[in-house]
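Next come the structures, one after another.
Shared chain: chain A. Partners: chain B in the first complex, chain C in the second.
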Partner chain A sequence: MRQLRSLWAGWLPGVLAALGLLGFAVMLFVVLLRSAGTISFSSIDPQTLHVVQFTLYQALLSTILSVGLGLLLAWALAHQPRFRGRSLLIALFSSSLVLPTLVVVFGLIGIYGRNGWINQLLSWVSGHDLGSYLYGLFGILLAHVYLNASFASRAFLHAFESIPQEKYKLAKSLCFGAWQRFWIVEWPSLKQTVWSSAATIFLLCFTSFAIVLILGGSPKYNTIEVAIYEAVKLDFDLPTALKLALIQLALTSVLVLLSSSFRSSITNLKNSTARIIWQESRGIIWLQRGLILLFTLFFVTPLLSIIVEGVDAGLWQIVQRPIFLQALVTSLAVATLSALLTLLLVLVLSSAKRNFDMPTRLGRSPWARLWSLLITLSGNLYLAIPTLVMGLGFFLLALHSALPRTLWAWIAILTANVLMSLPFAMAVIYPQMMKISQRYDKLSFSLGLGRRERFFAVELPYLRGVMAYVFALSFCLSLGDLGIIALFGNESFITLPWYLYGLMGSYQSQDAAGVALVMLLLSVTVFVWITKLFGGRDVTH
Partner chain B sequence: MQKTLLIFLFSILALYSASKPTLTVYTYDSFTAPWGAAAKVKEAFEKEHNATLKFVSASSAIGALRKIQLEGTQTKADILMGLDTATMEMAKKTGLFAPHDLNLSRISLPVAYSDDIFVPYDYNYFAFVYDSDIVKNPPNSFEALAAMPKDFKIIIEDPRSATPGMGLLLWIKTVYGDRASTYWQRLSPHILTITKGWSEAYTLFLKGEADMVLSYTTSPAYHQYTEHQNDIKAALFKEGNYGQIEVAAMLKRTKHPDLAKAFLDLLLSEKFAEIIPTTNWSYPVRTPASGLPKVFEILPRPKQMLLMDPKQVEQQRKIYLHEWLRAIGQ
Partner chain C sequence: MLHIDDLTYAYKKDEPPYRYNMQVDAGEIAAVMGSSGSGKSTLLDLIAGFLQPQEGCICLDGKHLEHLPIEKRGVSILFQNHNLFEHLSVAKNIRLGRKEATDKEIADILEEVGLGGYEKRLASELSGGQQQRVALARVLLRREPILLLDEPFAGLDEQTKSQILNLVREITDRHSLHTVMVTHDPEDAKRIADRRYLMHDHRLVSQ
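The block that comes next holds the complex of A and B.
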């Protein structure tokens, strides 16, 4: 009886949280739909059609390029198992997830911009430079590939390293070349990961906002997200914004449904040390080394340029500005609160889902599968509700409300951050919880441990690492995000990304360089420090 | 004892806050720049009225209007300053602004002006500005501009967010009429970037990012006056240069209607006409007794001001914008 009660307590909060999240999505939809009222969708004007087409087009190209490059890189790394700094390099590539988007964009401008390193080098060598080539489709693809290829390569590398050694031995004895080896041995094991990564990358690029906002350069290169933003901020044309938001919502829902069969899990961060033993031919070795070197250069130079420019810019002066301090304090508060909320929600959701999925707990009860599905859905809402659509919903609520606008800004930004972090958090926490249950449920139930005892004595020691990782991840994602703040930011509510966007928008590159450096350092330090300090064991790499 | 002290303190506080109301003016960022007009205007206003004048800037005047709309009932704005005749009808449609009740006979503009809500405070002519040290043969017409070599780049402002951008849109419309769309397609390869506001565009130009920037015929005066630099020049176009009359209005919702009116009155004063040329780098709406500064006298000035009727602009604005977006997007 006591066990049943404790189980009751174990699933109710999670179900309530899931229902709350889903209810929120429904409410948002109702708000948008009710405000839309009289908009007709029978005629979609050519401009809207162009935006939709371009959004799909750039997402498709970004996905193909990111997956292709990520696969090449992973292949090279998998077959170069021993060189100095390899594990550091892999850790660096997987860190792209926590790099603030805007900071990456700033770094890319430092390299590929009109006065970037490449043009400087070219004009020093040959007297001519490439002029301005970054803004537009090229810039958008470059930034998407930068962020996604590096991260995808981490997942692919893991898939490579999970291939049983026996298969390689067999292939070796059959004298396979590198190409045969890839198609016959490696591709079948990689397929699943490749498709699921491609689906996720496509969704992320489809709803890309900050990158397109800055690197798009003109209305020619607008994604739906940016078009929503411009309709609100430039034209105050709410009907157009609503129309775009509903189109966006419909498209993402279809995409999420279509891709759900591919997307097994979002992140694959498990550790693996299996190394592939294979004596490569000289040409292949050089190809692999070349690939690794080139990608490292591609990845590291923008970060270097941020450091160089930031130090040059007189960091000390910039960090003393009152407006910077205001943005810093707001950002730290937003990030901390978001991370705490994410952690709380993910624990509650995962724990309830685990109870429904474990046959030894509630797995056999009639509605278990449905509840489990609902919880999964609520944790992955972010993929279906793009940030700006959510922002518009909040904005419409705020417009007709007596509550102070700053309060709405807080509610909107925290909700957006939590929803953004949840899919990643679920993908990390839930498998770990399942593992603990599978291993220790019988023991802890036979010892008659209560809920609290079970959590602190049995689960926490094993969860600590992933919890720290989730906290750090959510903190960094929230710290660096330029999304909803673009609709809600004002003089009294400034975050670091919003401040940086303002500085970049008005071409105050000195100050922007300083702020970008601070954000970069903050993200990296917090991430490394929290995962090390509270993590205990290294769970990330 | 303590109670009386508290009451005393509170009454001082109340007196203090009651005696010093704050009038908040939303405007574009170059007005509040260190070299801009804001500081002197504030000084002039506060000297005559027992109030604090506060400027809040957005990256453009249209941006400031959107900010007021976005803030809805919670806006702190009492005055919106910086729209022009091309955008003021759009602003009127929001129903947020109140009549000024001022007599506008004091002003003299190159074209006739009358409006019961918006008060004009300066005017200017749009022009492409270049560095004569770098651009030796500047284009002197729209045709010449479109015919420049492919690597000749210009920076313009977005007509949806910045009044100069809207100005260029209407300028080209005035000159080309139904063929405006085709002209934009020809101009498109020369556009380096489209910025949200004038300041961004001009900053990029000064950094040497482009050959020309859409600015004003008076921009060279700034460089001559403050930097003694004579290379920056404005291109007068054969087709004529489009004008801009900048205007301000008070919000219906203002808690200080009298102060707001006093501020609008200041915009028509001689004092303001003395401040504006060398801070906002525009022609004042009335010539001060001391005359215009010398740099203004030697500036080349378009013979006539191209300007569309505000009401006509508002009727066609969305159509023009769609046409522009399509032409640029192809």
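The block that comes next holds the complex of A and C.
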């Protein structure tokens, strides 16, 4: 019983944290609703209707294209196990998750923009170029596909590689062709991942902000998030911003509920080892290799353009500027604090959820399922409450508060960053905690290990690697985010993404290139270094 | 006769290769025994064509198989698990063996393996023993001369295992199959095998 009693200490902090997060969501809703007291929802004006329609339309198109392309790429990679540089490519495509959105946008402008590499190449070859074709729906889709197809392909590849080798051998012995193999052997194993990834991608594109803000180009291509930003920051039209925020909140809540049955959030996509034995026909081999090469070209060229332009930009002068140093220090502080808070919160939430889910712990107690569900909901709040809506809530609180604006900015940005990282963090930490429990709970309890002993002796060696992964992921996501800062950013509170956005907006391309390169290097270095330095062992080994 | 002569395979260059010699007549069952990782399943992968031997030959009635693609080797395989596609019905799983098979043929074959009337059931609804019977039904429909069994009885209870072993024996006799059975259980081998081989020190030795 001593062990069981010690579990109370394991779930209480998690339950309090979950209640705190859910309470925060309710408070936000009340703040928005109270402020919206005078707004009429009886009729939605055509402009708002257009914004809502376009938001849904671009999210749907982005999802279809990202999933389709990601699936093709994963199929090609799965069946080309000996493709030279395959492991490196897979690691590169997985890194799209930690690439700062704004940096990716900058890289895409470097390739597809008016003075981008494609236009330069066409001018050099034929004397004519394509002019300005990036801004608008094309640019939005391009950036969404760039970030999401590569990320989705990693999840799909994992699903391909989870198919038992016997199934492939059986299919080969039954003389299946490539199509029959896909339809009968692969699709049944892939479809769950495809639907769950599609749901997540749709939600991410639906609430996409930085990409639409920069590549949208005109109000015709505004999404709800950008319209909220413009209403607050440019027009200071708070009633319109509130109306849009409440519409956004209602739509994302419905979407999260609708997709919850097949959305398994984001999986931990660290390893890729399995190899499929199947000798392809020559035509299929060329098709698969061609797909891998084309996607690699699509993925690598924007990163190359950032490096080339960044190196040319006179990096040394840029990094010495006081404003850059101020942005760098603020960004590093924000990212470090966000990552630490995320790690603390995810450990507390996952530990509590595990206690309610494990039959060997409190899984059989009444209300266990309800508590587990509440914790899951609190960890996935970000998907239902978009950043700009959250930002608007904080903005309204700050307006009526005596506290300094900068303090509100810190609270808002840290809250947003932590909530943004939590769904990813939960998806990585919680399954690992469950695996450890399934394997060692009975042994630990029979040995009478206390909570502290269990954590340090049994769990930490297996959690260390995923904790480092979560810290690095959260650090990079926070470092690159241009969300709340767009509402709270000013001369005294400036981060690297906000600084880069300002430079891009004022056409200081050279300086922007330098800052983009620093952000790219910082993200990749931190991610690779931290995950390598603290890499732990897998519980299945 | 299935004749395997000095068949050699090494996974890595610096490792000693596995070496196989064996014979199986039509209507015979050859059991291959040995400890885990001794190279038993590698032999089946070589016969089926999932691996290419470095040396040696695999001949069926004088015809060399080692350079033929998998689909032309005349091989049916049964694994311990994953022999069926769970989302398909029993009939659809069997028809994958020969697309032009009629409903009557499938019904007759299911009758032969003791599962008459199971055509419309989903594979996922069947027990382990029933799934192995369906897989054997597909083997019968394919009418391939070589049957490879990769420990397909390992997860079954004694009674079910005994029934399936008898069924394999019957099928091999009736359809003159060349059956190669990998097993770690000497009792299984004693019960139905005509020839017994043991993997020892990277070599297949006749017992």
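Just so we're on the same page, the second predicted complex is superposed on the first by the 528 of 541 C-alpha atoms of A that agree within 3 Å, B and C clash if a C-alpha of one lies under 4 Å from a C-alpha of the other, contacts with A are read in each partner's own complex, and residues count from 1 in each chain.
The rule is simple: contacts are C-beta pairs under 8 Å (C-beta built on N, C-alpha and C of every residue); 3 or more make two chains touch, one makes a residue touch a chain.
This is a predicted model, so every value here is computed, not measured.
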Assess the superposed three-chain arrangement around chain A: do chain B and chain C clash, or do they fit? fit
More chain A residues in contact [chain B versus chain C]: B
Once chain A of both complexes is superposed, is A:239 in touch with chain B (first), chain C (second), both, or neither? neither
Touching A:173 in the superposition: chain B (first), chain C (second), both, neither? second
Just to be sure I read the superposition right, which of the two partners does A:20 touch: chain B = first, chain C = second, or both, or neither? neither
Based on the superposed arrangement, let me know which partner A:290 touches: chain B (first), chain C (second), both, or neither? neither
On the A-aligned overlay, A:164 touches which partner chain: chain B = first, chain C = second, or both, or neither? second
Minimum C-alpha separation between chain B and chain C after superposing on chain A, in Å: 48
Would you please give the residues of chain A that touch chain B in one complex and also touch chain C in the other complex? none
List of chain A residues in touch with chain C within their complex: 164, 166-167, 169-170, 172-175, 184-185, 188, 277, 279
Interface residues, chain A side, partner chain B - complex: 45-47, 50, 114-115, 131-132, 135, 217-220, 230, 232-236, 395, 398-400, 402, 404-405, 487, 490-491, 505-507
Interface residues, chain C side, partner chain A - complex: 45, 48, 50, 69-71, 75-77, 79, 81-83, 85-88, 96-97, 142
Mind pulling up the chain B residues that touch chain A in the complex? 29, 56, 59, 62-63, 65-67, 69-74, 151, 153, 158, 160-161, 191-194, 196, 199-200, 203-204, 207, 209, 322, 325-326, 328-330
